[in-house]
């Protein structure tokens, strides 16, 4: 299966792009997806997760076609 | 000695006027002034006191030339 | 600034003008404000008008004291308080309280504090004219007491 | 109404227009609103500009959820939320949250609730351009975290 992965703000800069498609065989939780994509990147800050535009936990399940996003703490308003 | 006495809102209507001068011989507290002026009037509501435009208690002292006011609970804003 | 006015006022114009004239652009990050407006119904009755009485002298002094208390409690840059008196019609703004500060906590808390103190202690009194139109009834009543806001 | 906009907005004009068009004169007795504005200093440094990123789709959904929660908790008649995105200059309004209700307690509490939830959870990110002028430095930094507002 395949998912859409988005990065925002400082994470977008770390990854060098804001969006990618990812083959997710064996990556059935957000935490597993994060461990896969963050490998080799030096990320010291807190990272928040969302699945299909709703906040998610590391243990949240990911299924085919999902939109998963990773971003730093929000600073709007 | 003599003081200025003011009435506001519903109390002004009860007394029929908003202002009077009062001889205050023997009336050295706000509570005594109130008992004097309210005699014969049927006042069922709560009454607030001020002396020289600051909130006062029944026991607050009154001196010559003071401005004493009586009014119902405030309802502004 | 504290204004007691017998004339109808436009809260948004007052805010725009005051914020421009206070000339603190770049300093304030937060403005919290409250506008109280006359409704056309109260305690289940239609209201067609209102008379707002105040205690000239004491009202201004008391409002100044509330604002000073707020400035002592919170980091406040500027405040604007406007209160209408005299004859009002439904939909008329009655009161405006605005607070500018660097950060939002101060503006939120100071504006609410000023508003609650104003409602519970500033010497203003409302007399309502009951009925859907002024001609219909001619009945008036003093509002007995403000409800608590916290 | 919820608006995410890439253009500068005048909060007082937005409030005046929305209040007029929502057409609930006589019903609302209270409007509490908050405006967050860009300052020209942050953490001791001069700031000459800002870029506001968001998550198109999730941002709108999250703001709608906050507003629904506020409407479930308090008696709210209308709400207006506007948030700026893209390139901002100092003094530019960033956010506007306004709540109309019959009585003041609901407007005060709902507006603050929406604002605090927005600050702590709505997906927006600020990148500051440091230095008194844009040419001077060219240094930028992501704002690390919003401060709490309660």
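Letters A, B, C and D mark the chains in the order given here, with residues in each chain numbered from 1 onward.
The rule is short, and it goes like this: a contact is a pair of C-beta atoms (placed from the backbone, for glycine too) under 8 Å apart; a residue touches a chain by one contact, two chains touch by 3 or more.
These numbers were taken from a predicted model, which means no experiment stands behind them.
Using the average of C-alpha coordinates as each chain's centre, B ends up farthest from chain D.
Work out the mean CA point of chain A and of chain C, and you get 48 Å between them. Centre-to-centre spacing of chain A and chain B amounts to 71 Å, using the average Cα coordinate of each chain. Once the centre of each chain is set as its mean CA position, chain A and chain D turn out to be 26 Å apart.
Chain C has residues 36, 104, 115, 119 in contact with two or more other chains. Of all residues in chain A, those that touch two or more other chains are 77. All chain pairs in contact, by the document's touch criterion: A-D, B-C, C-D. The touching residues of chain D, counted against chain C in their complex, run 10, 12-13, 15-16, 25-41, 90-91, 102-105, 107-108, 112, 115, 119, 147-150.
Residue ranges of chain D in contact with chain A, taken from their complex: 36, 52-55, 57-58, 61-62, 83, 94-95, 115, 118-127, 142-146. Residues 6, 8-10, 12, 45, 50, 53-55, 69, 71-77 of chain A are the ones touching chain D in the complex.
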